[in-house]
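Consider the two complexes below, in which subunit A is the common component and subunit B and subunit C are the respective partners.
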Partner chain A sequence: MIFVNDKDLVVPGEILAEDDFHPGRGTFKEENKICSSVVGLIALRNKKISVIPLQSKYIPKRGDVVIGEITDIRFSMWGLDINSPYSGLLPASEVFGKEKRELDKVFKIGDVLFLRVVDVDEVRKVKLGLKGRGLGKFKGGILIYITPTKVPRLIGKKGSMINMIKDKTNCEIVVGQNGVVWVNGDIEMERVAEKVIKMIQKQAHTSGLTDRVREMLAQLTGEELEVSKDTEAVEGEENDNDNASSEDEKDVKQENDTNSSEKDNKNIPREIFESKLNLNHKR
Partner chain B sequence: MIIIITLGTNVGTKAREDGRAFDELRNLKIDAGVLERADGSAYLEFGGNKILVAIYGPKESYIRRLQRPDRAVIRCRYNMAPFSVDDRKRPGPDRRSIEISKITAEALHSSVILEKYPRSMIEVFIEVLEAEGGTRCAGITAASVAMADAGIPMRDMVVACAAGKVNGEIVLDLSEVEDKDGEADVPVAILPRTGQITLLQSDGNLSADEFEKALDLAIKGCQQISEVQKEALKNRYGV
Partner chain C sequence: MKIVPEITRKSITNLINQQERVDGRAMDEFREISLESGIISKAEGSARVKIGNTQIIVGAKPQLGEPFPDTPNLGVLITNSELLPMASPTFEPGPPDERSVELSRVVDRCIRESQMVDLEELCIIPGKKVWMIFLDLHILDYDGNLMDAAALATVAALKNTQIPNTQVEDNEVIMDQEEMKPLPLKEEALMCTFAKIGDELVLDPSLDEEKILSARLSIGITSSGKICAMQKGGDHPLTKEEILKAVKIAEVKTQDLMKHLE
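Presenting the complex of A and B:
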C-alpha cells in the first residue's frame, strides 16, 4: 500500500508506504512501514521508494571530482576544505611522486584546486588526488556554493543548463560534485553567472526551470552583451529539447514570482560575503 | 503565514486568565529557512514567545574530545536575549539555560539518524528573543523544524508541549503567569509517529491521576503542533 505520489513533497517521519515496497535513499524501514527521513521529493521506481533531499551535505565518495580549498599544510600533506563534514587530505606523493620538495612552494593556503577523491576509508579520511585530465589549481575566478543534491540540475541533461550559462556569460565554469562551482571570466559576467546559479539552486525543484534561466540570462546579459539574431535562432531550436527534458525531470508546482523575488533579496549578504572571498583567491 | 489552532470550545465555567479553554493552545506560527548563512533555521512565534533557531552542520567536529567514531554529536545552546523578559536578563549562560541546552540536545538526539555522519558535529543555537512561558518546549519544536530544513536525516520530527495544573485545573500550554502562579508544570516532548517520549519533566505537586491527565493532555497538544511543523516545512518550498 502506498500513501504518496511521485514527486510529492514530504517531510521527515512521514509514512510513505507499507509492506511490498523497498526503501531507497532518504527513507528507512520501521516494522513494515517505509518512512521518509528528509525533506524532499518522492522518486518512485518500480517498487522502490526514494526521497530526493532538497538540502544536504556532501558525503565524499571514491571517484568523485570535487573543488577544494587548501586550509592546512602539514609535513607531507595538504589539508583541504571540500564543503563537507569531512576534510580532505592531499598527500605530497600525489603531487611530487617520490621526489621531496617543500609543500608550501607549490600550493599555499587559500589556493583552490580541482581534485578527484581517490579513497575514503572507514574513519572517513578522504584521500584526494590530482592525477587526471583537467585536474589542478585554479587561477582567479570566484567560488559559489550550492547544495550538492542540486548539482545534477545545474548541469542539466547532457550539460544543457551549464553550457547555456557558459555560452551566454562567456565564463569558464567548473562544477564539483561537492556543490562548489568555480566561475572565471569577466567580473560583470561572473556576477551574472553567480546570480543565475543561485536562482537555479533556489528553484531546482520546480518545473520549467530551463526557460526561466534563459529569460534571466537574457535579461541580465542583455544590457552588456548584444546577442546576434543568428545565435538566438540556434538556441531557439535547443529550447524544445530542453523543455522536454526538464519536464521529464521535475513536474512540481511552480513558485510564484513574488516568492522568488523575495528570496533573491535575502541573497544579498551572501553575495557580498563571497565577493570578499574572491579577493583572496585572486591574489 | 499564521496558523491559529483552536481545540474545542470554552467548556469549563472557569476560563483561564487569557480567555483560553483548558485544552487550548496559544497562537502558533512557524517559518522555516529564515536565515541565509545557517544550514537550517526556523523562526517560531508561540503566544508571546519569539524564538529563532539556527542549525550548523553536520560539520567536522572542532572539539576533538567530543568526537564519536560511530556517530555524530549534537551540541545545543539555549540562550535568552537580555531583552526577552520584563526585567533585564543578565546575559550569558546560567543554571537554567545550561539545563535547557542539555535537555534539548537529548530530546533531539533520538530523532536524528546520527550514525549517518560519524565523527561529525551538529550545532543547534536557540535564541529566545521574547519569552512568555514554555520556551523550552517552543525551542525544541523550532529546533526540529530547523533540523529538517538543514537536510539532516531524521526518524521523526520531535515536538514538545507543556501541560500543568493551575487553580486546581489541569490545563494545556501554560503561559508565563500560569507557570508562576500555578501548582505544576509538565513539559513533554514526543516523536509524534510512534508516540515515544523524548523529554519528560515535572515541576510542582501533582497526584498520580493528575499527572496522567496532564501527560495525556500534553501529548494531545504535541500532535496538534506537529501538524503546524509539517505545514511550515511544506510552505518553505511553496507547495
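Presenting the complex of A and C:
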C-alpha cells in the first residue's frame, strides 16, 4: 500500500507507505508504516522509498571526496572547514609520510584543498587524506557553495550535466561531495558557470532541467561571443570550429600544468559519479 | 570571524580591479532597497529596511524623563542595537560586542550631528521633564553594509514617529494620548558606506566583500548636502584622494537614497 507518488513533496512524519516497501534514506519505519523524517521529495526505486531532502548539511562519509579550506594549523595536523557541522583533520603524516617538516610551509591558513575522507569515527572526527590521484591544493579559480543533496543532480547521469558545462564554458570544474564546487577558467566563463550551477541548485527537482541548462548556457556563452565579435572581427571564425579549438586549448593546458589539470578534467569526477550513481534520482 | 579562502579573496579582488563585482553590480551601485514604514503597531515609530539580503527593523519609543544635567533644555536621544544571533553565525547572544557598539554609535552620530531631530522642541519643563527617544535597531539578517541600512531604517522610523501632545499645569505634565503629533524633524541624513578592495572603492559592500576589505569608510550626508558623520574602519589607510572621491559619490548617492524615504 503506497500513499505517495515519485517526486512528491513530503514533510517529516508523513506516512509514505505500508507493508511491502523498504525504507530508504530520509525515512523511518514505525510498526509497519514508513514515514518521512525530512522535508523533501520522494524517490521511488522498485520497492524502496527514500526522501531526498530539499536542503541539507554535509555529513562526512568514508571514501567521499570533498573540498576543504584550511582554518587551523596545529602541532601535527591541519584543521579544515569542510562545509559541514563537523570539521576535518588532515594529519601531517598524510602529507609527508614519516619525514618531519614545518606544516605552515606546505599549506597555509586560507588554502583550499581537494581531499578524500579517510575515516569518520564514532564521535564524527573526520580524518582526511591527500593520497590519491588529483588530490591536492587548488590554485586560482572560484568557489561556489550548493546544498550537498543537489550534487548528484549537478553531476548528472554519468557526468552528463557537469561535462556539458565544462565543454560550453571551457572551465575546469571539480565538485566535492560536500557541496563545494571549484571552477577555474576564463573570468567571464567562471561567472557563467556560477550562474548555471546556482540555477541547477534552484531547479534540481524539476524535469527537463538538462534542456534548460543547455539553453541557458547557449544564451550566456552566446552573448559573450557576440561581445568579443565586436572587438575582434577575426574571432568570429573560431565560433564555427568551436569544438576543434577548445580541444586544442585543453591539450595545451594539460601540457602546461600536468599536475593540476589532469586531475580535474576526468579522473576524480568520474569517481564521484560512480560512488553516487545510485543516489541519482533522475531516471 | 570566518576565514576567507585565499582563492576567493583573489577572485573578488581581481574582478574589482577590472571594475567588476561578483554580483554584477557597478562599483557605485546599491543592491535592491526596500523600505516599509510603521510595521510595528505597538511602537510609536518603526521601519523595516532591506538592502539585498541585509534586513533591519528599527523601533522608536518616546518616553518622558529627566534631561542630562549639562543640557537641561534639550531632549534625549538614545540609540541601541541588537545583533540577533539568527542574523549571522558570527553573532552571539549576550552583551553587545564591538560591531554592535560601533553600529549604534555611528547611526547615533549621523542623526545627532545632522541636527535632524529638534531636541529643543522635545523639552517640556527645562531641567525637569523632556522627551527621551529610544531607538532600537534589530538586525534580522546580515549580508553586509549594516550601517547604510541602519541609518535608512532609523530615519524612516523617526519620520514615522508620533508623540503625544503635552501640556504643563502646576509643574505637572499632562499627556494627551488621543492627540498625537509627529516628531519635530528639521533635516534628513543618510549614510553611504564604501569598501576599499584592491585599489578600488566599492559602494554598499556585500558580506563577501566586507570580509576581505582593507579599509571601510561610511559617510553621512544631510538632505542639504552637509557632511554630518564619518566612520573609518578596516586596518589599512585611505588616501586623501580616495576620501574626496568617496565623498563625491556619496553626495549623489545620498540624494538617490532620500527618494526611498518619500
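Here are a few things to note about the model shown:
Just so we're on the same page, the second predicted complex is superposed on the first by the 225 of 283 C-alpha atoms of A that agree within 3 Å, B and C clash if a C-alpha of one lies under 4 Å from a C-alpha of the other, contacts with A are read in each partner's own complex, and residues count from 1 in each chain.
One rule holds for everything that comes next: a contact is a pair of C-beta atoms (placed from the backbone, for glycine too) under 8 Å apart; a residue touches a chain by one contact, two chains touch by 3 or more.
All of these numbers come straight from a predicted model, not from anything done at the bench.
Touch criterion not met for A:Pro23: it reaches neither subunit B nor subunit C.
Of the two partner chains, subunit C is the only one touched by A:Ile109; subunit B is not.
When the two complexes are overlaid, the chain among subunit B and subunit C that reaches more residues of subunit A is B. In the superposition on chain A, A:Gly179 makes contact with neither subunit B nor subunit C. Touch criterion not met for A:Pro60: it reaches neither subunit B nor subunit C.
In the superposition on chain A, A:Ile142 contacts subunit C only, with no contact to subunit B. In the superposed model, A:Thr71 makes contact with subunit C only, not with subunit B. The contact surfaces that subunit B and subunit C form on subunit A in the two complexes do not overlap at any residue. Within the complex formed with subunit B, the subunit A residues making contact are 9, 11-15, 26, 28, 30, 35, 37-39, 53-57, 85-87, 123-124, 147, 205-206, 252-256, 259, 266-267, 269-270, 273. The touching residues of subunit B, counted against subunit A in their complex, run 36-37, 39-40, 57-60, 69, 72, 113, 117-120, 148-157, 191-194, 229-230, 233-234, 237-239.
Across the complex, subunit C is touched by residues 69-71, 81, 108-112, 138-143, 187, 190-191 of subunit A. Residue ranges of subunit C in contact with subunit A, taken from their complex: 2-11, 14-15, 18, 24.
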